[in-house]
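The letters A, B, C and D name the chains in turn, as written, and every chain counts its residues from 1.
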Amino acid sequence: MTNTQLSLVQIDNYGPWTVTPEPRREMDLQTLQSRLFADIAQFVGSRDGYAFFTRFDNMVAVTNGLDDADHELLQESIANRYPVTISLGIGVDASPIEALEAGTAGLQHAGSAQDGERREVLSGDALPESDRTDSDVQIAHFDVNDATGKYTDRLNEFDSFIQIEQGYATLMRYLREEYDSLSFFVGGDNIISVCPDTTEAEYRDAIRHVEAEAGVELKVGVGTGRNAHEAGFAAKHALEVCREDGTDVEFDHVHAEVADD
Amino acid sequence: MTNTQLSLVQIDNYGPWTVTPEPRREMDLQTLQSRLFADIAQFVGSRDGYAFFTRFDNMVAVTNGLDDADHELLQESIANRYPVTISLGIGVDASPIEALEAGTAGLQHAGSAQDGERREVLSGDALPESDRTDSDVQIAHFDVNDATGKYTDRLNEFDSFIQIEQGYATLMRYLREEYDSLSFFVGGDNIISVCPDTTEAEYRDAIRHVEAEAGVELKVGVGTGRNAHEAGFAAKHALEVCREDGTDVEFDHVHAEVADD
Amino acid sequence: MTNTQLSLVQIDNYGPWTVTPEPRREMDLQTLQSRLFADIAQFVGSRDGYAFFTRFDNMVAVTNGLDDADHELLQESIANRYPVTISLGIGVDASPIEALEAGTAGLQHAGSAQDGERREVLSGDALPESDRTDSDVQIAHFDVNDATGKYTDRLNEFDSFIQIEQGYATLMRYLREEYDSLSFFVGGDNIISVCPDTTEAEYRDAIRHVEAEAGVELKVGVGTGRNAHEAGFAAKHALEVCREDGTDVEFDHVHAEVADD
Amino acid sequence: MTNTQLSLVQIDNYGPWTVTPEPRREMDLQTLQSRLFADIAQFVGSRDGYAFFTRFDNMVAVTNGLDDADHELLQESIANRYPVTISLGIGVDASPIEALEAGTAGLQHAGSAQDGERREVLSGDALPESDRTDSDVQIAHFDVNDATGKYTDRLNEFDSFIQIEQGYATLMRYLREEYDSLSFFVGGDNIISVCPDTTEAEYRDAIRHVEAEAGVELKVGVGTGRNAHEAGFAAKHALEVCREDGTDVEFDHVHAEVADD
């Protein structure tokens, strides 16, 4: 059974900062946000977690394998190098949405995201090493069938983007409401979902729903592992099988190469 | 009348590269993509343009004020520092969607986005300096009314994100279909639209549509200028007026401070 | 005749910041410093200038072609994205050391580098566009003869580094004292010098001095141009001629390809 | 007794790459080098090691606490995000210079630094966890007495830099020849040395030598720990004691705050 550890990363009092003393140059904000995300992706990713940019001022990370000290170190390192600080809320649950609910609640109890006094909060506790198992994380990696041929090489870029975006908006809502999963657009035509134990029939249901509602055809590779990287790497290999075999849902377990590391 | 110069930035043959010889670590891809975007945002932004991450493998930039040599330099600099190269398609039109259509078509004629032989294409021509005017670019900067109070401080982060995302998905489609505008989510509860000459009534219509369809209440500041930064900076100041006065649509022209630079 | 525009970049009150409230993690400081330098190198370099990391808290840039507004924009953009701010002192002179003397004096008059109240000073004036010529900048690009064969592939890395470092320490002092040039180690076995009009005999004298005093054999390509990139690119091509022909001093003027841009 | 684990980081075939097919823009190379160093500093530093830029194409890292898998991950991550790859040579010894000698030899045996076929070599073995002790690493953190008052606020920046540089060149050679230590300039007026067990009298001897030979007055804080961060953090605190008490050599052990983490 899954046991997902999610960490909410929230920039402290960011909205007010962006307009104090007057609005800051937008491209500086974009640079700051995307580099902050990149640094978090490296920190979390090199410890076999996954981070998603979400709204950039709030990011969500799958942090199975990162302990409390890792979270503290991330906060300290960001504060040393950026003009902003971050608060972190950790939650653990079989259901990803419940884990995030817990992580978010920890920060909300400490104060508002726009409370100038609330800085560098660290709430919640990481999953103890002894409780971790090889099936704690399930990752589903979706992409759009022939997005290059159908969209990128035929439509103008914005109309291609609309198709991908409508597909994503439909999938993210459906998977959250029906199956307690969190889905993130990760660029190109790719969506990565953090899921509880979810069956092939359920993934197929979600794909059908997106095609019916948004007209976008998806396929998905699914992997399970001890952490996000293991699960996600298995999912990527499963997705490669979809591409080769023309199937729409494939499962894989920890991919051999990862397991050998 | 607006005369928007848009540049499509397309990573050459990116999809295949991400899985060759086998899938690459997702967090490395996320880091690569967001840093590449950050570099483009700095290059374009420090020349008073705007860049949007869009799908990351395809990005859209408002480049009024950047000439052909600037575009070449950007390509050269990226090729010197990244494991990937970029192609650029420039288009100019009173209508942003038409400008992007032209920019996209230039690259499409040169080959597929996944053609391994098509690298570092530069198509289209920048607007001659002599044709530029102080009203070439119109930028609308939207945000969500009291997003922190209604969402961030009350819902879990994913449910907050769903609200913002559904609002964005609705706005981006409506503004494109009805008013030829291109809308980009830029983090937090902010959406920036690149628009042709658009009236107050039309912006109000869009806001009403999003509230009716997605239940998300927006307000918007609108600015016009010689380039994206001037227009966008005026839009940000107009949005501050919305915040102070509780209004939903405000227009501003080039803000004094920018004009004085 | 050369007319070099030099800008001193000084992080405001950096020393005290690094130990407040207590010493910060050294690797965060190293990351901050090297990324700040990288951003300045991109900003200046994409405008055809050169930046050198020098002591990191003080950097030196050759900024012919960058005007006062460019300097202001650099300050604003750094302040928006880093936890520190920078002051800039501009100086222009036929002699690089005199130009830097003027640029430094401008900041020194405004206050101490460790004065907490002195922030974001911009002193001095950029060379007016109308005064610029195609021979304003002379760049000499030195490298060590067969550094890989003699050092890198034979000695341990620190002993290789000692050789390069002693060669650099000798050259930087000699060229400054005898010829008013500023020399910067730029990695590998490369040293770049910003020089006034300097003759082949004088470069040969410097090379002889370094060989006699430090036992390190150098060769040098020299270029002249309207800005640092043009001069430096010509110098790089001249250095390639040294490599091919086994010569020790070669001059080039603006390289054809650059001139055609 | 110290037992230092050093890793040589060597960019594969970098020199030829920088001039193929013709010389690349110098500021792009500077950006690439300094960002690559920053990424390595973050990777190593967030695992409590230290990395030094040295010659940028060859970097030296103190990696006690990083195992073989960490080194492999660093190589993979760099290859995924940069246009160059890195080879790593690990060495362990009571003497830092011997450790680096071993690490360098591992790469040299695999081929030349400019052998286009030799890529991503990983040689040597990390210190087994069971062999690690709390006194494996000794770090000495030097700075220049009143550098701001004597140099930065009085001389032009290049003449200040010459003073620091001559002090560094003298110290790095003396400590290597007399005491088997590796010294690295880390910006400002700071030098960090990786040392075997070295006595107060020996540090004082080195300080005297630098003052006699280069006229530069140094002081030093020395720390010992299980890894570079612990030792270096203790050294920083010891240096603060020098500043407060006006002493020239101070020792500290693992600083309380670090030990409590």
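Basically, a contact is a pair of C-beta atoms (placed from the backbone, for glycine too) under 8 Å apart; a residue touches a chain by one contact, two chains touch by 3 or more.
Since the structure is predicted, the reported quantities are computational estimates derived from the model, not experimental observations.
A.B. asks: Between C-D and B-D, which chain pair shares more contacting C-beta pairs?
C.D. replies: Higher contact count goes to C-D.
A.B. asks: Look at all chain centres (mean of CA atoms) and spot the one farthest from the centre of chain A.
C.D. replies: C
A.B. asks: How far is the middle of chain A from the middle of chain D, if each middle is the mean of its Cα atoms, in Å?
C.D. replies: So the centroids are 36 Å from each other.
A.B. asks: Centre to centre, by mean C-alpha position, how many angstrom separate chain C and chain D?
C.D. replies: Their C-alpha centroids are separated by 23 Å.
A.B. asks: Provide the C-alpha centroid distance between chain B and chain D, rounded to the nearest whole angstrom.
C.D. replies: Once rounded, the distance between the two centres reads 42 Å.
A.B. asks: Can you tell me which residues of chain C touch two or more of the remaining chains?
C.D. replies: Each of 25, 28-29, 31, 35, 42, 46, 77 in chain C touches at least two other chains.
A.B. asks: Which of the residues in chain D come into contact with chain A in the complex?
C.D. replies: Those residues of chain D that touch chain A are 39, 42-43, 45-46, 69, 72-73, 77, 261.
A.B. asks: Give every residue of chain D touching chain C within the complex, in rising order.
C.D. replies: Going through chain D, the ones touching chain C are 8, 10, 14-15, 18-19, 22-23, 25-31, 33-35, 37-38, 41-42, 44-46, 49-51, 53-58, 60, 97, 100-101, 103-105, 108, 112-114, 148, 152-162, 164-166, 168-169, 172-173, 176, 182, 186-189, 192, 229, 232-233, 236-237, 240, 257.
A.B. asks: Which of the residues in chain C end up touching chain A in this complex?
C.D. replies: Interface residues on the chain C side: 24-25, 28-29, 31-32, 35, 76-77, 79-83.
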